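All chains are identified by letter, namely A, B, C and D, in their written order; residue positions are counted from 1 within each chain.
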Amino acid sequence: MRNFTLSEIAQHNKKDDLWIIIHGKIYDLTTFLPEHPGGQKVILKCAGKDATSAFDSHHPPDMIERFLSPDVCIGQPVMEKSHEDNANIKRQQTETDEEERIQLARKNMPSIDELYNAYDFESVAKTILSDDAWGYISSGTDDEITMRENHSAYHRIWFRPRVMVDVSKIDMTTHMLGQKASLPFYITAAAFCKTAHPNGEMALTRAAGRKDIIQMIPTYASCSFKDIVRARISSNQIQWYQLYVTRDRKATQRIVEEAEAKGMKGLFVTVDTPELGRHLKEMRINNQRDDPSEMETGEGTVSVSSFFDPSLNWSDIAWLKSITKMPILLKGVTRLEDAVLSAQHGLQGVVLSNHGGRQMDFAPSTIEILPEVMGALQREGLDKNFEVYIDGGIRRGSDIFKAIALGAKGVGIGRPFLYAMACYGERGVERLIDLFQAELTMCMRLMGAPTIADIKPDMVDIRNLKDHFVANPTDYLAKYAYERMQPRGKLSKL
Amino acid sequence: MRNFTLSEIAQHNKKDDLWIIIHGKIYDLTTFLPEHPGGQKVILKCAGKDATSAFDSHHPPDMIERFLSPDVCIGQPVMEKSHEDNANIKRQQTETDEEERIQLARKNMPSIDELYNAYDFESVAKTILSDDAWGYISSGTDDEITMRENHSAYHRIWFRPRVMVDVSKIDMTTHMLGQKASLPFYITAAAFCKTAHPNGEMALTRAAGRKDIIQMIPTYASCSFKDIVRARISSNQIQWYQLYVTRDRKATQRIVEEAEAKGMKGLFVTVDTPELGRHLKEMRINNQRDDPSEMETGEGTVSVSSFFDPSLNWSDIAWLKSITKMPILLKGVTRLEDAVLSAQHGLQGVVLSNHGGRQMDFAPSTIEILPEVMGALQREGLDKNFEVYIDGGIRRGSDIFKAIALGAKGVGIGRPFLYAMACYGERGVERLIDLFQAELTMCMRLMGAPTIADIKPDMVDIRNLKDHFVANPTDYLAKYAYERMQPRGKLSKL
Amino acid sequence: MRNFTLSEIAQHNKKDDLWIIIHGKIYDLTTFLPEHPGGQKVILKCAGKDATSAFDSHHPPDMIERFLSPDVCIGQPVMEKSHEDNANIKRQQTETDEEERIQLARKNMPSIDELYNAYDFESVAKTILSDDAWGYISSGTDDEITMRENHSAYHRIWFRPRVMVDVSKIDMTTHMLGQKASLPFYITAAAFCKTAHPNGEMALTRAAGRKDIIQMIPTYASCSFKDIVRARISSNQIQWYQLYVTRDRKATQRIVEEAEAKGMKGLFVTVDTPELGRHLKEMRINNQRDDPSEMETGEGTVSVSSFFDPSLNWSDIAWLKSITKMPILLKGVTRLEDAVLSAQHGLQGVVLSNHGGRQMDFAPSTIEILPEVMGALQREGLDKNFEVYIDGGIRRGSDIFKAIALGAKGVGIGRPFLYAMACYGERGVERLIDLFQAELTMCMRLMGAPTIADIKPDMVDIRNLKDHFVANPTDYLAKYAYERMQPRGKLSKL
Amino acid sequence: MRNFTLSEIAQHNKKDDLWIIIHGKIYDLTTFLPEHPGGQKVILKCAGKDATSAFDSHHPPDMIERFLSPDVCIGQPVMEKSHEDNANIKRQQTETDEEERIQLARKNMPSIDELYNAYDFESVAKTILSDDAWGYISSGTDDEITMRENHSAYHRIWFRPRVMVDVSKIDMTTHMLGQKASLPFYITAAAFCKTAHPNGEMALTRAAGRKDIIQMIPTYASCSFKDIVRARISSNQIQWYQLYVTRDRKATQRIVEEAEAKGMKGLFVTVDTPELGRHLKEMRINNQRDDPSEMETGEGTVSVSSFFDPSLNWSDIAWLKSITKMPILLKGVTRLEDAVLSAQHGLQGVVLSNHGGRQMDFAPSTIEILPEVMGALQREGLDKNFEVYIDGGIRRGSDIFKAIALGAKGVGIGRPFLYAMACYGERGVERLIDLFQAELTMCMRLMGAPTIADIKPDMVDIRNLKDHFVANPTDYLAKYAYERMQPRGKLSKL
């Protein structure tokens, strides 16, 4: 490996000549730059410099080896006489305003047993995360309509509780992809979990293991895949693997084979991300991907360089089946026709998901399409040996109950666990699992459904599930002229 | 009875060795602890100490004898030489901040004749109750959706008033369970009424008697059953009895027999409480039941120790009928199938109730299901000799009218009377009864229905009764960019 | 007439012995007291005193002669030596806080040509009226749901504008009850207009005359009927008469005959007021009718003494027809069955009205029932020679257009003219008429309907007219946890 | 040309004798005054004075020659000895408060690359425009219900995204009126663009040319038509012409011929403006058109003098066709019957438009009627060779997608470009075009529709598109009595 001094490296700091130091190695990222899923800006900021710290906060150590060609590594940095370079490498220790804010918030954090539900964790996380991290985790695409709709659609489902049923024993065991699971929900894949907590995905693994629930591991984990696997509590702890298919099919194949080798029990291929959604809150924070005119255009044709492979289509299913024996499911389906196609292509199932509202705004909430997907599969005789999962917007035990009542085999939960982890690490994740279980227990008992099999469609009223109500524009003159009723006492005119 | 000094007693202050002094007796509550409906925390706080004051504010003096085995009483406390123990027993007289707040609020309370409707009382009660009491009375389960929906569903019912009807005389008399009642609403059962006012259930009895309306007495009254019965204004004042069936069926039988002996005219068996709902506001105040991981789990089976009997089911009806001649009704039905089953099991009726929104969130409002329950009973030919009652969310005379129009035989009102009692004691309850009567009188007159029998389904428009509207997530960018119309004057830009 | 000194009079100041001085005469109102439509409190305040000023602000000078028996006048007051009595009679000139507030508001009132629509007047009136007057005029019954619904229901009607129609000439002339009218709206009856402005109903008469629109005169006018008639601009100015039928049918007959004699062109019998609605805002201000327990009860029968005759019913129509040749219409119909009955009883029409939301809360908005009323009349073949009017909630020229499109012959407007008069007297009323005309002109032109006859049902979309949307209770935890999109700039958490 | 001194001119400053100096010429506008589309007030302010500056900010230099008879020019101003007149002509340089506010806002304007969507520009424009300009551009008619509804109706359309489609190439080219266009949206006509930016329409032309999108030129441009044409980037840049038909048909014909001669590719005849809508915000600012009683009335007939020809009707189509070979489309259709009539009259298409909500309030949103218009045309067999365009409320790439999915050939965008131009001139317009393209690209990719032809009706869910939800009036007593759930921590009572 060739040696370069820091001054030499610092000269390669332009878009068309771009070196970066990570973990003591120099990488030439000139050609990779436009492919970076996180945008060019963030790389350009570190051009010619040591980017280890920035890299570590989002990527696992093995990221580069797994996803990039070995050619990009072109040498290693060496020290010059001058001590000044050394000084430059050391990051400044001065506390920024934000760090102060966070420290104060952390000091005032409530005791973990004062948090009683998923939103409690989100409210705390909002105060203790950095702007970057909060922006990354909490944001959705465009106006965040779909992100919020995911949960609020559950409010359009009302219960029809049964009484006078013996509910002295509640049994939540179920089977997913042929494996026994003690709870009907799992931790779904979210990229770069270190953004939430330094222990990243491994903390989720340990919490999931201790509480005996399934974890789905993301392609873009911030811990190395090996470490996540190694973090299992026991050898029979179940993990699934989420897959992004990239343009480099060979690399994709390597990743799939590695997943299977390490005992992953299901392969969940994300299909809703041919391009990353536009997240306004993130953009506001760091001006990321802010120049739409950079798109190459010509002859009326717009093409965007992307790390993800936007050409992925149904004809690729055969190839996917050829490289693994794991059950394959598509993650990101929001349309009954695509669920039917998945079954017709011999897949084991789908995850109804809109990527937590991070991709296509005004994509429907997943719970809204669940009944029509189940209906379509039944009509086509495709509902045997085909499992439907769902994620997005689940925040209460009653949401889990509703999804199961409408046909979901299992329910994926993402952000809430990140928020719990951000606040209290593994303990937070475990407590949140306990809370979901407690809520679901109460729900099953009060609904008169002591086992998962007892949870039936007739227990939910979905008459308005597909109705999207947009209020008339407000008549402000009328509103302001009206004097509101006061709780008591003399009326106080505006 | 054995004697123990206070120092001796004080040593039994742990979860697995727990003594408590109440009214001069020592009780060993170690085995009862996990069964306590009010949670363990509140008992643990008093472990090894005199808990009389805390006990009295929630329980009747005869609570322990009626519900627990005599074995739990293990002795009586005796004085030691030292005066220090005496001092310890005396509660501190120092006024807390909360007490100061309450005293001030009480001083500023409006005159009782400045309160014109049920919500006026609730608004005053909010200011003068302790946090504990307000939290206990006002809270609902989970997000309190059902609790609020109970009332707001009445807003989806509109009237179709008849004019040109002779309404010079309004007659509200009706019959409930074969007894004449002068008003079509009753005070429904609420546990531990002393939380609202020191006179507790007895104040309700006296007010009900004076205004000639029916009162339903709760199993978990804070006054003794005998005292409540004794508080009747006249010997023919009508009372009903609400029953929780506990695991100890003998104790339950004793209670039922006592109720019948004391002249209760109906037995209302609560069936919506195999487990207590999770009340966030209460939890926030006293960290009650905050540890979901305490649940015993094993082999995928979750079982919760509970004072209430979660195994209660349809096969128990025969037993209930065998132990009493009182009319038996199920309280807590929210599903037409269960109303039909009740009739088929030969019961006298049901109360459509979701426990004031305290049990299952997203259980439907009771008024919403009333028409379909009546329809189902009629279709099955079960509507004769079967009476349907309703409670939850009634806050206006017009709500009472709506419920009657849709088939309710009588209407139960709970929290509003607690708030009225909290503010002004018996007088408050009486005034609120008067106000409901005044509102109902106006309503019957303006609707062209001079008697209860004249109140007909065609007088209400229920077209949207079952519709649950959840607004689209707000487009905040659009909302903030828009400049609202101003009432007058120059426009002021944001 | 007998003479009494002020001291003598002052002794008759109790409920069961109640004298009052008005315009130099002494009245014994002991028996009238419970009949007073404005409640007892307001009379009791003046018991034994000179009530001229209070009387004048709400009643016409001829009120007592017209409505009460001559026996109630029992004498006249005379002076005693002492000057003190004189001093007592003079009202105090000290400015109260309220008067100061009003003077300041009047000083800051915008120029009349800065008011551009009905709500502008209401917003100004809110600032310059006394609490009493604002409370009286602006309030509705109970929760004021129907009062607000009256206008907001118009928002559920959308237009289907026609283009490419010659609209160079707009002609608004129409016929009501056989009389030509230059505009399709009229000033409807509102009691006690002096509450809004010292010139009372006469100001409305003059403005209506000048702008050539119809005025409906209220039974309980605050100017004498003669004066209102005399205030006409020309002898052929059209006026209608609104009638309350009281228990004293002879008095009612005298009033009807007088109305006919003075040239009234229609008799509008109010049928929605067997009892006055409960107006919280008014009650808050003056504790009016605050004691519901005063109602006489007995044998389950509630009867309220009332000035209005609550026994009025369909059999009285024959009598009404026998005492006048004026066209008779019922005012206060909100149900298609009652409109059909009116036609079957040979009346000339109905006014769909809920008394501006002052009587029965949750009575439907009038515009909502207009289409079904027209449909029912057509189905029964009763739509010829039967005219349907409408009032309640009209605040825009487009509201007038909508009502006409759905079948209304004319549109009554009440409160807006009171607010306009309160602010600017007659000029205000005239300007508001102009504004309604300007808005309606624009509307007819842009809708492609140059004449009243061109306004057709297919120009409005009423698909949601009868839908009453009540939003789900808010999920506050979700709402507070969500970070709203910010217009621009960095995101600000919380 | 005759000469007049400034003192002489100053004497002609009354309604019935009104001279004005513009660009060194004196015009007698006495007869034109009531015809002025912008109202009389604004002209009267300048009566007898030099109005060049006020004129230039709203009109093109060639306005008078193009639209008025040559007779109105009656001379030219000459200097007198005194220097005082000179001084009078010079406008005062003193900065007003408003100018200060604007300068400050301009200084704090964000960098252009911090604006990420259309609403960002509107939010900035609100701060940097003068009250006059903001009021003129941003306001709608009456309560601005339709203006806001235009966008919010898009929220009632949800997507049905397809996955597993090869979307590596996105192609947005389409054809409008036979011309190839590289993007499916265009800059629609807005009068007086100099109100937003001194470069006016020419800036739009240049930005449109550079980004290769179509521009529609308004009749009432503030740049001269010649200059706008001359501003084209290339000779084949496509422009359309928007036409107001005025009473002077000869003048209209001259304008149309000129448009055709200059290469306009389409003639869009505005048909929704027989009279200008009433814009409250504008009125508030400058008391414009505030006197509705000025309308000439007589014999029940209301006629308004107007510059636009309110007699325009279907029989004029033949004349329009006779004076040009350009494709003719009606702009302002909001009713399927009128779209069908347009096709039956042999026109090339329509623009579904409600004039950005500036004309008829409660006219439906245009997107709402698009599906029924397409359906009607298909049923009548009129959908070939007939193109349907749409404008109003488009603020997102996804809005464009929705309109195309429902049948629109192209999508017009107006105000957003004015706001972008107001803030950053041409660069702002170009960036906004880029942003729309970026959003649409993402949308097409995530929807699985790589070309315009792939965008299909089944990709949108329009079930609630025509539903107009108006919430029930709020029950404020209930609302205020309820204690909201708190995110965490102790509950804080109101």
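Everything that follows uses one rule, which is that a residue touches a chain if its C-beta (ideal position, glycine included) is under 8 Å from a C-beta of that chain, and two chains touch if they have at least 3 such contacts.
The UniProt protein names, listed by chain, are A, B, C, D = L-lactate dehydrogenase (cytochrome).
Since the structure is predicted, the reported quantities are computational estimates derived from the model, not experimental observations.
Under the touch definition stated at the top, chain C and chain D share these contacting partners: A, B. If you match contact pairs by residue number, over half of those in C-D turn up again in just one of B-D, B-C or A-C, and that pair is B-C.
Taking each chain's centre as the mean of its C-alpha atoms, chain A lies 42 Å from chain B. Annotation: 60 Å between the Cα-based centres of chain B and chain D.
Shown for chain A are the residues that touch two or more other chains, namely 114, 117, 119-120, 123, 143-145, 148, 152, 155-156, 280, 284, 467-472, 475-478, 480-481, 485-489. Across the interface of their complex, chain A is touched by residues 110, 114-115, 119-120, 123-124, 142-143, 145, 271-272, 274-275, 277-278, 280, 283-284, 287, 290-293, 295, 300-304, 309-314, 316, 330, 332-335, 337-338, 341, 359-364, 466-473, 475-478, 484-487 of chain B. Considering their complex, residues 117, 119-120, 122-123, 126-127, 131, 134-135, 138, 143-144, 148, 151-152, 155-156, 280-281, 284-285, 395, 469, 471-472, 475, 477-478, 480-483, 485-486, 488-491, 493-494 of chain D touch chain B. Listing the residues of chain A that touch chain B in their complex gives 113-114, 116-117, 143-145, 147-149, 152-153, 155-173, 182, 396, 398, 430-431, 434-435, 437-439, 441-443, 445-447, 461, 463-464, 467-471, 474, 476-477, 480-481, 487-489.
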